[in-house]
Amino acid sequence: MLFKVEMTVNIPSSLPVAQVEEIKAQEKAYSQQLQREGKWLHIWRVVGQYANVSLFEVKDNQELHDILTGLPLFPYMEITVQALCAHPSSIYFEKS
Amino acid sequence: MLFKVEMTVNIPSSLPVAQVEEIKAQEKAYSQQLQREGKWLHIWRVVGQYANVSLFEVKDNQELHDILTGLPLFPYMEITVQALCAHPSSIYFEKS
Amino acid sequence: MLFKVEMTVNIPSSLPVAQVEEIKAQEKAYSQQLQREGKWLHIWRVVGQYANVSLFEVKDNQELHDILTGLPLFPYMEITVQALCAHPSSIYFEKS
Amino acid sequence: MLFKVEMTVNIPSSLPVAQVEEIKAQEKAYSQQLQREGKWLHIWRVVGQYANVSLFEVKDNQELHDILTGLPLFPYMEITVQALCAHPSSIYFEKS
Amino acid sequence: MLFKVEMTVNIPSSLPVAQVEEIKAQEKAYSQQLQREGKWLHIWRVVGQYANVSLFEVKDNQELHDILTGLPLFPYMEITVQALCAHPSSIYFEKS
Amino acid sequence: MLFKVEMTVNIPSSLPVAQVEEIKAQEKAYSQQLQREGKWLHIWRVVGQYANVSLFEVKDNQELHDILTGLPLFPYMEITVQALCAHPSSIYFEKS
Amino acid sequence: MLFKVEMTVNIPSSLPVAQVEEIKAQEKAYSQQLQREGKWLHIWRVVGQYANVSLFEVKDNQELHDILTGLPLFPYMEITVQALCAHPSSIYFEKS
Amino acid sequence: MLFKVEMTVNIPSSLPVAQVEEIKAQEKAYSQQLQREGKWLHIWRVVGQYANVSLFEVKDNQELHDILTGLPLFPYMEITVQALCAHPSSIYFEKS
Amino acid sequence: MLFKVEMTVNIPSSLPVAQVEEIKAQEKAYSQQLQREGKWLHIWRVVGQYANVSLFEVKDNQELHDILTGLPLFPYMEITVQALCAHPSSIYFEKS
Amino acid sequence: MLFKVEMTVNIPSSLPVAQVEEIKAQEKAYSQQLQREGKWLHIWRVVGQYANVSLFEVKDNQELHDILTGLPLFPYMEITVQALCAHPSSIYFEKS
């Protein structure tokens, strides 16, 4: 189950700097753990924005929701989710 | 795997009436077969529009894509797909 | 009288955590009471968002308005309402 | 059950003038019959547009859908529907 | 001179409750006075929203502007104004 | 009664050139007659577009609607209407 | 060089009333001085909104920018600028 | 007088290929003449689109309008115009 | 140089079926050649739409533009391009 | 590698004036250094707005991202990035 997820971060300026740094460190560790588990396949930075484009491979919608709402930065993010599947022109195509 | 799908139909006026009627009959049969199989859980008409709101229960994204692109009216539809999951306030809630 | 209602929750960070938890508990009880009464037919979580898609079966517009504005989270929600009716392709179709 | 309905008409220039005139005459008769029955409460022209703002009083969503899809100009209209109810500041207010 | 006016209310949570109640009471009295004068013809609640759809009959644009900016809730409202006129299909039609 | 009206023209390429020229000539004559009558106060071209920004001074909404729907180019125009009134900072301000 | 400028004012409620009154008085004097100089040709109030539609006649883009950013209310305004020129149907038309 | 102009081209597929080629050749010659005259300062292609971003230096709004409506591809273009002026951080800044 | 490209296909119904099939076969061959060259890194189907999400790795903007405008389906596509770069949380992160 | 970048600045009124002035001075020095290095090719002010249109010439997406996120005003900016390339009608055209 493949999904494209786009996340834009808006951290309110009222949040203390030390707290922001701690949340960002937690976010990085959280993301890298999921990448190592093969669930967060790709993460790219959008040029000029505090935003990313990501690809997730999860067993179902519920797992994706749990992953996303578990993000340390979740309260400060706008998130869009788009369901993807195999493209017949892909050279890696193998219909599940 | 639950998805909300919204479909709006725009049949071009250049299509012969007989052909339109045939496509609509095929669409109805196709939809009802999927409803009986328990994959197309709900279909409601949007008041005042040639459009519907539907709920699908499928095994994965690929199955949903194959179902939607197989719709006889697919070439004349605008379709939006939204991934859903269990809501913790639901009295039927049971986290998958 | 069937309606699709979409609710997105935005709780301001200035609200004390204890108060937030109390409002959420009230919201859950309120929602489940209406589900048991057969007025709030379905509630699903939108993947990746603090939002839901719901179906209501009410006797008229006024009852729906009273239910929605009575939500403990109402002051923190964006709500859209869409009137639905029977779809002729539904296998449960029975024109009211 | 009160609804505000906004209709914008776009008749394709390929439709023969005589047919357009006939459809418009049917539309007027259809509308006036519903006005006399007390279901189509108000119809106003939007200044500078081939569009109207209307108020309907119907027994349920299904009746409104049947009325709207029965409009002779329905195939050439964009329609939006908004559910309304009593306003507590109205001097005619009487909660149904 | 007929106008459709749509008003959406957003009262900031920082406003003291007592002050909000007083403004709302003033708003109701202000609205009902204009209804009794025959200038505020209709006011309906939008289902699920702190918003209304209203119809005004005024002698000119200036009078409508003075009425709207005089609303006690004006500083907390988003307002849209649409000029209307007689519709030739109205059974009450009488071109001014 | 002052109104700002914005008009954008889209003439379909299927219309014969001679007919287009005739409609444009009629449009110009129609517009200039209304300018001389003091009803169409201003007409300016939008730079880089087949569009104009206009100001109308009419006795009521109905008169504006009749003027606009009488435009020879009306079937090929998108029109938006905005009600204006006196601005208290205007050096010509005189509240009607 | 003619420009249509639309300005919408949003004064934050945190600004002290006395300061708001002073800024508004400065704004009015500033606007009227430019009207007397023949640079701010027209200013109209948008019905139902704290907004205006204005016409400026300036020697170049730079002068318009300096005028607009010099507005005492500039920090609290949303401004849109549209370049205009002579319309061939204007009875005052004289191509510059 | 500096303006950013964005042009998107949509040539209808019904236009004969030979005619399209001729219009494009005229467009190129027209554009290059204006570039050599120093009026069309820059033209860049938008990646992945049949569109360009251009900068014009003209003596007034009227000249820009005449240039743009004189484009051989004008009937097939969507055009947006934005007035620019000197930026105080530019190392070439010299307020006109 | 990494780019996310989203493509939506709209083939006009007037195109002969045989020609459509030929273009699609060319499109597939063209895409697979670029995938084998390592320039078209990923292509996924958007569920329920005739659209894809793709990732490209190219040496510069010009190469991406040439690839995209060379697509056999280019005349029938809406294309959006977004520049991406390395994300510091990526486990594959290595700043170029 | 050419990019058009549009930046709109929104400095919160809660920021002390002295701090704002310091950030603006840093922004100007930062911008002018990049202009002298030939990376920030153009910067123009948008008339009537605290915004600019800029052109950047960078070696890759990563360099552009580093430049933009290094802007002293970055936390207070909305930024859009558009990839550009050579236009075949440019008299300076030389395909890279």
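Which chain is which? They are A, B, C, D, E, F, G, H, I and J, in the order written, and residues in each are numbered from 1.
One rule holds for everything that comes next: a contact is a pair of C-beta atoms (placed from the backbone, for glycine too) under 8 Å apart; a residue touches a chain by one contact, two chains touch by 3 or more.
Composition by chain, UniProt nomenclature: A, B, C, D, E, F, G, H, I, J = Muconolactone Delta-isomerase.
Bear in mind that the values here come from a model prediction, so they are computed numbers and not experimental data.
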Distance-maximising chain from chain C - centres being C-alpha averages: H
Equivalent-chain rotation between chain G and chain D, CA atoms, steps of 5 degrees: 180
Centre-to-centre distance between chain H and chain G (centres being mean Cα positions), rounded to whole Å: 28
Approximate Å spacing (C-alpha centroids) for the pair chain H, chain J: 22
Cα-centroid distance, chain F relative to chain J, in whole angstrom: 40
Cα-centroid distance, chain B relative to chain H, in whole angstrom: 45
Junction residues of chain E, two or more chains touched: 2, 45, 47-48, 61, 64-65, 81, 83-86
Interchain contacts (touch definition) - all pairs: A-B, A-C, A-I, A-J, B-C, B-D, B-I, C-D, C-E, D-E, D-F, E-F, E-G, F-G, F-H, G-H, G-J, H-I, H-J, I-J
Of all residues in chain J, those that touch chain A in their complex: 5, 12, 14, 61, 64-65, 68-69, 75, 79-81
Residues on chain A engaged by chain I in the complex (per definition of touch): 2, 4, 27-28, 31-32, 35-36, 42-48, 52-53, 82-91
In the complex, chain F residues that touch chain H: 13, 45, 47-50
Chain D-facing residues of chain C, complex: 1-3, 60-62, 64-65, 81, 83-86, 95-96
